[in-house]
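Following are the structures in question.
In what comes next, subunit A is part of two complexes: it sits with subunit B in the first one and with subunit C in the second one.
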Partner chain A sequence: MKHLANLVAALLGAGFLGAMMNTLPDYNSSFQPFGVHADENGVGQGRLFKAKLVGLRSAGAISYAAFGTDVVRDTSATFLVAELSIGAHKESRQIEAIWLGATGRQYSQTIRIENVPHTLLSAWFQPGLEDTALAVFELPDDEIAGGTLALLARGDPILDSAVHFAAPPTLPEKQDLLRLEP
Partner chain B sequence: MVRPLLSSAFRQIWVRIAATIGVIAAIAATWWMKVEEARVPDAPPRIAFDQPVKVGRGVFTPRRLTVENTAPSPAAGAKGSRKLVLAGRLENVTGESQVAVFGFPELLPVLSSGGRKFPAPQVILDRDKEPLRQLHPRVAEDVSIVWDLPENWRAQEVAIEFSAEQFKLKDNLYAKASWLMPYPTGVLTARPEGGA
Partner chain C sequence: MRHVLWLGIALALFAVTLVVTGWSDFRDFAHQREWNVVRADAAEGELEGLRVRVTEAQAVVIESRPERGLLFVRLDLEASSETASAWVDCRASIRGENGEIWLPLYDMAVSGVVQLLASDNKDNRPCNLSGLVESGRTTVDQLYRLPRAALDRVTLHISGPGTRPSALAFEISPNVRTIKPEQ
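Up next, the complex of A and B:
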């Protein structure tokens, strides 16, 4: 009888342990920023910043001037340019943008387009001041429709907020060449 | 009086039998693991041109190996020296944009020729003629992997070894997704075109 009781206790313990292991959220899902969705006016309020998605443009190539030289970048995919208006709440911040594609893949801003004024790669946002900025992505066409733009404070975003903007139902017409002006 | 003594003796025998079985099982398992290990070939597989091979966190398809007098980019290697250029197509096969397509720390292909190893190459994005710094998922790009060649090097057969990282959805430390444990994925052996 005593052995049976021990066996039952061991089986119950193993069962509880297995249930805990299989139901406990893993690191990848637990340590994520909190998702905050933009309101019907397209304005999203993060913990450290406020942002508005002003518009989206797409192109097969992008040109810009960097240090007095014209640079043209083309792609086998599509350049998607998000125009944003951003203001920090309490402290000067840099903001990072990620495109969550329709297939679930995460696309960072392209660093092939750099030294362009007012891109999120280099822009700082000051408290109480709203400024405009561009986020440029390089995406396969089928990742754009159904995708989402996410903005988060640069650094360690764990347990902070990420502002999500759903892509508009009608996507911008793809231009052959888009000129980015300062 | 006799029954408790017998019972105690049986218990001791059973414990010793169980311990002996455990030790034998551990020895057998260790021996079999060694046998399995010996059965796995140490040498990475040989690959050919147009055959995809895993590199870092991506897949590379080598297309052409040439000796060039001029680099495909001004940023590639030392000025004036001849270059060995492996051209191919590189794709990021992960779920997110990568600045470390060749892994972190970087596992660039290793060139050896005539028993001599060469310094690490540079990877040039053909589209921009600039070093490759980022690659997005499902946006494959043509790249050139460029080695500087010493002046006294004569064109001969070379071996290029590729390595990749292993993706673990839950690592042993934090149970978080990580790229770990580099391992060799293939060797390309070829004689470069050009360069007398």
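Up next, the complex of A and C:
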């Protein structure tokens, strides 16, 4: 009887160990930033920054001035431009933007729009100051409707927060050409 | 009694595991933070062999944006190449009264603004120790963007990965000017 009890205890232990091993989350999913949702006014409070989604615009082409020269970038997809107002809480920060597409794919900002002032690619945000910035994405059309914008502090986001903005109720009308002004 | 002994051994091993695995994380954490602050009495101070002198501190507020200002700080650094190697790198940050940390600006417009604010209209680039390796002396320029309300009294911290959590601190009261955008 005693041997049977030991065998049952060993089997239960092995079962629990196996269950734990099979349900153990991987490193990335354990330490990815936790989501914080923006309120109904579009204002999100992250651990390191505060951000407001001011508006979204979309276009088939974008123009801007870089070093005194006009540059035009077009795309077979759609440029989605998010206008943001961001302030750092305690320390100067750079902010990263990700578009979480309707199909579940994640899109980083396009790097084809270079040297435009006030894009998140180069902007720094300072404690006590709120500054406006643009996040520019290049997205397939079917990723925009139902997609959401997420912002997180650039660098090491382990155990940090990512601010998620709700999907816009109405999509921005797609312009042929959008001019980005400094 | 035997069970208590095993329990004690397990707890002791758990504590040892925590210390061994946590030590490298604690060292990484300490290299990011500055909690051992050495305050300089005047505009000159020394930390771990590196002599730092604050030679200029100028602030400007643009009349059309009165809530924010730009702070320019020039430093003279003096040390041997061995000291520069031990410091590894240099971080010059501005601290506010409520613990805010402002880091220097690095964008394309910085050089022009530094040239406008510096007494000799030169930009010596932000804090780096490469000049010390060559000649033992170097001058570095930093530009910060911060709220106007914080400009009157700020603290400058100088540290490197080789010194942190130790940092050298200077109380700074910059001369604040208000200028018009077209100036």
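Keep this in mind: the second predicted complex is superposed on the first by the 169 of 182 C-alpha atoms of A that agree within 3 Å, B and C clash if a C-alpha of one lies under 4 Å from a C-alpha of the other, contacts with A are read in each partner's own complex, and residues count from 1 in each chain.
By definition in this document, a residue touches a chain if its C-beta (ideal position, glycine included) is under 8 Å from a C-beta of that chain, and two chains touch if they have at least 3 such contacts.
This structure is a prediction, so every number in the text was calculated from the model and none was measured.
> What is the contact status of A:38 with respect to subunit B (first) and subunit C (second): first, second, both, or neither?
A:38: touches no partner chain.
> Of the partners subunit B and subunit C, which touch A:138 in the superposed model: first, second, both, neither?
Once the two structures are laid over each other on A, A:138 reaches subunit B alone.
> Is A:108 contacted by the first partner subunit B, the second partner subunit C, both or neither?
In the superposition, A:108 touches subunit B alone.
> Given the touch rule stated above, what does A:126 touch, subunit B (first), subunit C (second), both, or neither?
In the superposition, A:126 contacts subunit C only.
> Touching A:151 in the superposition: subunit B (first), subunit C (second), both, neither?
Neither: A:151 stays clear of subunit B and subunit C.
> Which partner, subunit B or subunit C, touches the larger number of subunit A residues?
On the superposition, B touches more of the residues of subunit A.
> With the two complexes superposed on chain A, say which partner A:59 touches: subunit B (first), subunit C (second), both, or neither.
neither
> For a test of understanding, state which residues of subunit B touch subunit A in their complex under the given definition.
95-97, 99, 125, 127-128, 133-134, 136-141, 169-170, 174-177
> Spell out the residues on subunit A that touch subunit C in their complex, using ranges where they run on.
Contact set of subunit A toward subunit C: 90-92, 122, 124, 126-129.
> Mind pulling up the subunit A residues that touch subunit B in the complex?
Residue list for subunit A touching subunit B: 26-28, 31, 73-77, 101, 104-108, 110-112, 138-140, 143.
> Give every residue of subunit C touching subunit A within the complex, in rising order.
Spelled out, the residues of subunit C in touch with subunit A are 67-68, 96, 99-103, 105-107, 144-147, 149-150.
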